[in-house]
Amino acid sequence: MAEPVLSLKGVSKSFGALKATENVSLDLYPGEIHALIGPNGAGKSTLIHQIAGTLRPDTGEISFLGERIDGLKVAERARRGLGRSFQVSSLAPEFSALRNVMLAVQSVQGSSFRFFKPVLSDRSLVDPAMEALARVGLQDRARVPAAELSHGERRQLEIAIALALGSKAFLLDEPMAGMGPEGSKALTGFLSELREEAPILLVEHDMDAVFALADRISVLVYGRVIASGSVDEVRADPEVRRAYLGDE
Amino acid sequence: MSRETYVNIALALLLLAIPFAALQWGSPFYVTLATRMAILALAAVGLNLALGLGGLVSFGHAAFFGVGGYAAGILASHAFNMQPLNLGIVSFAGTNSMLVIWLVAILVAGLLALLIGLISLRTSGVYFIMITLAFAQMTYYFAISWPAYGGEDGLSILVRNQFPGINTMVPLSFFLLCYGVLIAVLILFAFLRDSRFGAALQASRQNEVRVASVGIAPFRIRLAAFVLSGMITALAGALYADLNRFVSPSMMSWHMSGEFIVLIVLGGVGRLYGPVAGAMLFVMVEFLLGGMTDRWQFFLGLGLLAVVLFARGGIVGALAGKVRHG
Amino acid sequence: MSSALLIEQLLNGLQLGVMLFLMAAGLTLIFGVMGLINLAHGSLYMVGAFACAWVSAQTGSFWIGLAASLAAAAAMGALVEILVIRRLYKRDHLDQVLATFALILIFSEGTRYLFGSVPLYLNVPPELAGFVVLSGGSRYQLYRLAIIGVGIAVAIGLWLLISKTRLGMRIRAGESDREMIGALGVDIRTLYTIVFALGAALAGFAGAMVGALQSVQVGMGEPVLILAFVVIVIGGIGSIKGALVGAILVGLIDTMGRFLVPQIFALFMGTSQAATAGAAVASMLIYIVMAIILAVRPQGLFAGAR
């Protein structure tokens, strides 16, 4: 098997007495969608925060493309190709969809310390941004401020930003949340193709989407991975059924 | 052109027209008033870069204003006394040249802003407000307790400093000089706002986490904005000292910092001509109310309270509508 | 330098620290519970001083004046909260700064209108007018010692109020979760008014007591306000414990700095030079200390440990 793109080894994080993640190890391989599921409060978001860099693990290692990243800041991890979408949409609300994506393009191109050239007439920023928007189907909404986009459109915009970053792995935190059935279906199709470009670590509550998309699933309960494997293996795992589905 | 552009052009022409109209009607005092408007607007344009675009509520920009003022006062006094300014290892001759003074003002203020920014920008929100205020107060007390340049009594500039090709003692010429600097800095501000740097800065105000998660470190962007911002305000300080031909610690007082914020909010936060509109209104109100009652600050306070509570968006916002970011 | 002089300066520093604590406690409480930055807190300090000076002059009793200062500052605080401040809780810090800046202008000019520009004078109450003899033979003002005692008593009282009483429980709940106390059926509006008035009363009390040591004049609250900000930044916003530690620290460093720095400078430069350079450096000392603490702990010494 190829080298993992993203690899967690023994990652733990406590808040006081609460163990939010405990000794979590998991790998993300090229071309796969690795779904992370678990009941509310299982520590999925805390784990995503630690991978993205908004939280630091107490112990454990996080490697990305073969290099340790657990000491790096958020911006540095993003520059290395870790693309992230947020559980609650996190965009620059006054900026248009286009300008939100352009910010990512600008980051990829290098320095933001350019003081004179107007961005809106800079084709090297606008064109790649429009391309990313077109890929998620938002090209007609490019000039609309992010705050005025619908919930589903904002999730699409998040993904467009991750695309524009040329990410080498995607961390998607509940991309389906709040989407209607139509939107979920379209997004499922899109993510299925996206995995060819870069692997996806997917946190999702929509089990239909998870079972349709995931190559592998890890189940997180009380901060610990209690099972990891293919869709069928995880479905059949007795411990998962007991802890997660409430079966006795 | 957008409606805001028309509003901006009208404001620029209005400010330019005041001194000419004043001379036409034989009230030369208004030339000084218009110069004051232009200089305070310039100081507030500096702050607007940090506060309006970057969302950094600095309550300490008077420090930079004062540094600019003292650069003018100290260099001029050394030129007048023909004594070099001795800084231990190196010594400089004083100067009457505004160009040199401006350069010194900008460099010293930039260095101070870098130091203050390095500490204060590690925090945010209320901490940032209080820390910038505290550091400005530090420079204020330093200016008061350092007797070499007048201490609490301040320092007079006997002859206004010189600019090549202009007789700065003629009020209209000095106004035009200040006005020219203001317009040049406004153009610079517009470029900064629309650039990649400006995009990153404005996005950091709207959503810091987003900016970091696309790989841009907000701290460095903010620090650069804070330094540039302090430099512009220092330039205004140097002009202000030359306008009054006097500099004192009161230029560094926290009332001054508060006044800059007031100018911006009156005019429109983050708007290119917000500080210009704010300064014109503020100086006029100060002059008119001040002529009617000694207690004008009481009414200024009431008016300001009303603006904050009921009329947000400022003058430019009221005239030109909401901002649209492409 | 004699040890008696040193002790005297230490006590002066402690007295300044205790006063700063009264200011900072109110500020930090108001920020912790309501999330509001109140620049006009110095004006409430001034209101307390003026109320005490005026009522004392009318009645001839410092103690009635002191009671009046508490009542006046608390009432003014409640009034301002109801008329203005409560509209600001949901606004951003910029609006809060501006509105409370406007309140300063209104308070300062309003006070000038009522009392004129000439400072008022407030005498130390005769009961406390004497001196105590310190070890080493020098004398120290009894009144200043009393301020230190009162300040410590207020600190203990505030701690009891917040940790032991029902009101304190609600205040703590308000700090940790604003929505929650609403859900529990506590009348938040009244709670906020009470907290604001409490903070105002502490500030007014401080103003009245200091008023007997300085002249009572417009603008007297502003330097104290800024020192109180330094205290809060050092201690950690929202932390009463931080306010206490920060206040004592700032009080001692500022006082001792003004006393010691020129003497230290005199060891390696001329006396007059040392006096001026020392005074300039001493005036910056607390800000430098603040910068160092922030460089190490950006959220202050006791952030989070409310």
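By written order: A, B and C. Residues from 1 in each chain.
By our rule, a residue touches a chain if its C-beta (ideal position, glycine included) is under 8 Å from a C-beta of that chain, and two chains touch if they have at least 3 such contacts.
Because the structure is predicted, anything quoted here is derived from the model rather than measured.
Trainee: Strictly by the touch rule at the top, which chains does chain A share as contacts with chain B?
Mentor: Touches both chain A and chain B: nothing.
Trainee: Give the identifier of the chain nearest to the protein's overall CA centre, each chain being represented by its own CA mean.
Mentor: Given all protein C-alpha atoms shown, the central chain works out to be B.
Trainee: Could you pull out the chain whose C-alpha mean position is farthest off from that of chain A?
Mentor: Result for max centroid distance from chain A is chain C.
Trainee: With chain centres taken as the means of their Cα atoms, state the distance from chain A to chain B in Å.
Mentor: It comes to 44 Å between the two C-alpha centres.
Trainee: Please tell me the distance, in whole Å, between the geometric centres of chain A and chain C computed from their C-alpha atoms.
Mentor: 49
Trainee: Using mean CA coordinates as chain centres, what's the gap between chain B and chain C in Å?
Mentor: About 31 Å, centre to centre.
Trainee: Okay, in this complex, where on chain B does chain A touch?
Mentor: For this pair, the touching residues of chain B are 191-192, 194-200, 202-203, 206-207, 209-218, 220-221, 224, 323-326.
Trainee: Contact residues on chain B for chain C in the complex?
Mentor: Against chain C, the touching part of chain B is residues 51, 57, 59, 119-120, 122-123, 125-127, 129-131, 133-135, 137-138, 141-142, 144-148, 254, 258, 261-262, 265, 269, 295, 297-298, 300-302, 304-305, 308-309, 312.
Trainee: Please output the residues of chain C touching chain B within their complex, sorted ascending.
Mentor: Residues in contact with chain B: 31, 37, 84, 87, 93-95, 97-99, 101-106, 108-110, 112-113, 222, 226, 229-230, 232-233, 237, 276, 279-280, 282-284, 287-288, 290-291, 294-295, 298-300.
Trainee: Can you check the complex and tell me which residues of chain A touch chain B?
Mentor: 52, 54, 73-76, 78-79, 84, 86, 90-96, 98-100, 102-104, 106-108, 111-120, 125, 143, 145, 161, 165
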